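Down below are the structures I want you to see.
Okay, so chain A shows up in both of these, paired with chain B first and chain C after.
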Partner chain A sequence: MSGRNIDDLLRFLCKFINIAVVVFLMTPIVVTAIMSLDSRSYLGPLPPPSLSLRWFKAFFSDSYFLSGLATSLKLAVLSVSISLLAGLTTAYALDRSRFRGKDALVSFFLSPLVVPPVVIGFALLLFLSKMGLINGFARLLCGHIIITVPYAIRATLAAMSEIEDTYTEAALILGANERQAFWSVTFPLARAGIVSGGIFAFAVSMDDVAVSIMLTDAKTYTLPIALISSMRANFDLSIAAASMVLMGSTVILIILLEKLVGLNRAMGQGGFR
Partner chain B sequence: METTSDTVIKFTDVHKRYGAIHAVNGISFSAGAGETVAVLGPSGCGKTTTLRMIAGFEEPNSGTIEIGGESMIGKRPYERNVGLLFQHYALFPHMSVRDNIAYGLKHRRWPKATIADRVEEMLSLVQLEGFGDRWPRQLSGGQQQRVALARVLATKPKLVLLDEPLSALDAKLREELGADLKRILTSVGSTTIVVTHDQNEAMSLSDRIIVMNRGGIDQIGSPSEIYAKPKSRFVANFIGRSNWLNGIANSANTRGMANVIMEDGTVLTTDSVGVNDGAQVSVGIRPERIRLVPESKRKAQGGANQFVGKVANAVHMGAEIHYEVRCVAGPLIVVSPSDGNSPFTLGETVGISFGRGDCVVFPESVQ
Partner chain C sequence: MKQNTPSALYLPGGLLFLGLFVLPMAGLFIESLRFYEPGSIGSAADAPFTLDNYAELLKASFAGFLWQTVKVSLLASVVGIILAFPMAYWIARRLSPQWRSLALGFFVTLMFLSVLVRTYALELTFGATGPFGSILREIGIATNGRGYIQVLVAAGLLHYIIPMSTLTLLGTIQSVDPRLNEAAQVLGAPNWKAHLSVTMPLCMRGVLASFLFGFTFSISAFVIPMILGKGRVLFISNLIYTRFSEIANYPSGAAISVVLFALAMLIVYVLTRLVNRSIQQ
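Moving on, here comes the complex of A and B:
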């Protein structure tokens, strides 16, 4: 066997593995999508004999799921907004200062990424109970801010550190004060990075089970929690439809944000370094 | 340091320390209206810190900085009316050329209609009419620099700072844009400080050069003064090249002008005065001040200092030839104008001469 044959074989193997990985990742989503459109009222073998939207109808007429979806969306929007604000101010302060232990502080801000969410949830449950915070939504909000803030800080910090200091200096010497320089130069240049951090944080919040399950109560629960508990109670395919809704709402939000805020990428950005 | 009514910028005993590092060590200088002054020195000499203190990005630890007779201590960059052309231009990538030029005017609260007119005026000043709607990334390096210059000059700053203005461009563009830059700055009559490590940039752009070394000023003077009469060995080495010959000073019978006796007994005559007899000195001679003649014509040659040497190497550099000549005093680099072919061949014995005024003498201890 000559060298080039081995090369060809390896290249083929790489392609094969590549495709296998994609199939492996996509299969659950495709199967769930097909199941959500299944017209049968029982779990039958795939593919279904005919398609229908009955499980979506069931989902959207189920007040239990709808309430979970509403809570999830509210939580995600609020926690991501707060996290981005915190991320932006933190990243700005860290970017503009030099001090001993800065690196340690940066790792501290990113630390919840390495603490298991279950631990965060359990700790918060104990802490908030001791504090007397019993409002379910407020407790969930605390938890979701904690899990989303590292993504927001990381994304904004990365976006800001990529912007050269000379842009700010140019703005200052041209007559803009620090605030004006931030809003007219730093923020627009960091916007794409901030938006992508926000999208990531949103997905994390929408998707979270581990922290939410600790902090949820009978009246306030997120969609993933609603799915889990209804799966235990009575398993039907409205769960598949709910999964599609959960996925769909995240995708729609990503597209919306991209269109609204990320548009400048097409115009001014790219190739400025 | 004299202060006239048209002094635009004045440094008095300015110090700047970063921890244990004395980046700027008590410098004083001034520049008058319409003057272009270069601050020249190697990296780490304190020139960038000087620029940043003028711009207001750094505050001096002590000393005063005045612009237009007004103290700048404690003033923010946006309170100074100083323009800065950044080395890599720092054009805002998310704004059109027009918005870049208008940026300073907007923040200095010019009326909208006036801003539009001023932007057009600046575009035509830098010969980029019709480029207003382009994006910075669509422009060549030279065009970006002209936009940056337009942005700097738009607000009519009292003082313009240029940070290594030509270093980001390739060699050919450099000459062209250097001339453009000089023409534009002269036409608007701006007072300019050029900070650079490149002697050619300093020589070609400025009326006066401030040579900085290790946080201090070694010499202030016109480009020709600094070239012909460097005050220190550092200046002589940093600006242009020099041959260095070592010996002991002796001014007996020379009306105070130092003779330098080298190790082998050869005597160099110079017109330097005030050199202590018996001191170890270095004598610097510019390569292009040394004349070479064929050995046969040696007798007819003028010049206070005459030697015989052998041509060890000859390199054609286009307009000139660089020779290495071995003589009793050591190897000398000689630069001669070229008419296309070398009059001397390798190994040829040649007459070497230079005048007493071509020698600069420094005590060995002073670097």
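Moving on, here comes the complex of A and C:
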């Protein structure tokens, strides 16, 4: 077989793989979307005989899910705000200092990203119990801060290191003090990075199970924890409706990311196409 | 002017990391060395130190969980790269800018998608009770068999790894000059050979980075094996949770956590060195 024939074969194979991949990625989502509109009260074969919004109504009238959703939103807003503040000061300090071992310090501040979340959750569970912190919401907040803060630091640091030093120097030469230079030069230029860090952090907080499951209690639980426990109890289709709601919010987050930062920029992009 | 940063700026981040990361991790390590009285909740405050919790992990049953975690994770991360590479190449080189942004949005959305939504959707679709479950049973696949459940867990991991690897490789492929490949072809190499000897080596860094992300994600996966594994396929993460929730043996849970932590750090360390070496070359 000549080289060109192998080329054709491989091209065909790659095309086949690409189609199979898209089918694999999309099928579960499409099936869940259809099932969430199923009008039957049991899990029957596809396609459903008729469509209804009953599972969406069931989800939005279930006080167990709604209280989880409220806790999740409160936790996400609070932990992301705290993480962004801590991320901003830490990233600024890191960006402005030069010393031996700085890379190690950066790695340290990003290390919760690579520690398995269950391990973080378990460590926090032991530590907070020893410290006598028993308030469920406070415990969850501690967990959510430590898993979101590396995202805030990473995105802010990346944005700040892209800013030319000469801009800040120019502001200082023109008579601004360090604080004015920060608020009029560094912060506006880093804003896109901070926003994308905040969106990443928000998504992480809303989606976390492994840390929350260790720190949750009977009264304070997040939406993912509520969904998981009812998923294990019975395979009820209001979870399919909940999945559609969660997916809708993911799409909204991505559109926000695209509008505010630009996906190419948020995900990084190479030079050639 | 770079030197005079007030170190007070490190205070908020530093305190958060001390209280919520360093001290808890140190406490975890100490707890893993405490003696555990069966039946109690956690270790006693003055429990003596012992290595029993680690000795217990040398038994075959734990090795089985460890091997299962590593095996399924390796499978998912390698298959993920193989499936993502053609996709990333196609997006980078064959699509018009409009379609490329659309594809980018598609994969970013899939990457951001809640892990619960993915696992639930996969279980609903390919699980024993789902529409594909019955088709699979008809062609003779036992949907409650361990082998199938392992594949299902790997599929759960792949549902995240494929979009993630595609996006990582997309960046790498876009930074390889296509003229290099054309040059190889002008010099007589068929396209596949040009890719193998020119494009692939230049993408090594992205491939290694995808493998690093995929493997560390899989090794520490929790929800995916918990839901799709149905208790028959458990990852190390699930074992830690069971030690906490079912038998309250905190010292043993802590020892498993330390092992999982060490494993994750080792993988990150080795692969990061490989990635850095491939940059220098």
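Rule of thumb we're sticking to: the second predicted complex is superposed on the first by the 247 of 273 C-alpha atoms of A that agree within 3 Å, B and C clash if a C-alpha of one lies under 4 Å from a C-alpha of the other, contacts with A are read in each partner's own complex, and residues count from 1 in each chain.
The rule is short, and it goes like this: contacts are C-beta pairs under 8 Å (C-beta built on N, C-alpha and C of every residue); 3 or more make two chains touch, one makes a residue touch a chain.
Given the structure is predicted, the values throughout are model-derived calculations rather than measurements.
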Residue contacts with chain A in the superposition, chain B compared against chain C: C
Looking at A:194 after the superposition, I want to know if it touches chain B, chain C, both of them or none. Which is it: first, second, both, neither? neither
Please work out whether A:90 is in contact with chain B alone, chain C alone, both, or neither, and reply first, second, both or neither. second
Which partner does A:76 reach: the first (chain B), the second (chain C), both, or neither? neither
Classify the contacts of A:29 with the two partner chains as first (chain B alone), second (chain C alone), both, or neither. second
Between chain B (first) and chain C (second), which does A:215 come into contact with in this model arrangement: first, second, both, or neither? neither
Just checking: does A:173 make contact with chain B only, chain C only, both, or neither of them? Give me first, second, both or neither. first
Please indicate which partner A:243 is in contact with in the superposed arrangement: first for chain B, second for chain C, both, or neither. second
Contacts for A:116 in the overlay, against chain B (first) and chain C (second): which applies, first, second, both or neither? second
So, does A:164 touch the first partner chain B, the second partner chain C, both, or neither? first
Do any residues of chain A touch both chain B and chain C, and if so, which are they? 169, 172, 264, 267-272
Which residues of chain B touch chain A in their complex? 55-57, 76-78, 80, 82-84, 86, 88, 90, 92-95, 103-104, 107-108, 135-137, 151, 155
Listed in rising order, chain A residues that touch chain B in their complex are 164, 166-167, 169-177, 180, 184-185, 188-189, 264, 267-272
In their shared complex, chain A is touched by residues of chain C numbered 1-3, 5-7, 9-14, 16-17, 20-21, 23-25, 27-28, 31, 42, 83-84, 86-87, 89-90, 92-93, 100-101, 104-105, 108-110, 112-118, 120-126, 129-131, 134, 155, 158-159, 162-163, 167, 170-178, 189-193, 216, 219-220, 222-223, 226-227, 237, 240-241, 244, 250, 253-254, 257, 260-261, 264-265, 268
Using the touch definition from the top, list the residues of chain A that touch chain C in their complex. 2-4, 6-7, 10, 14, 17-18, 20-21, 24-25, 27-29, 31-32, 35, 43, 45-46, 82, 85-87, 89-90, 92-93, 96-98, 108-109, 111-112, 114-120, 122-130, 142-143, 145-146, 149, 153, 165, 168-169, 172, 203, 206-207, 209-210, 213-214, 224, 227-228, 231-232, 235, 239-240, 243, 246-247, 250-251, 253-254, 257-258, 263-264, 266-273
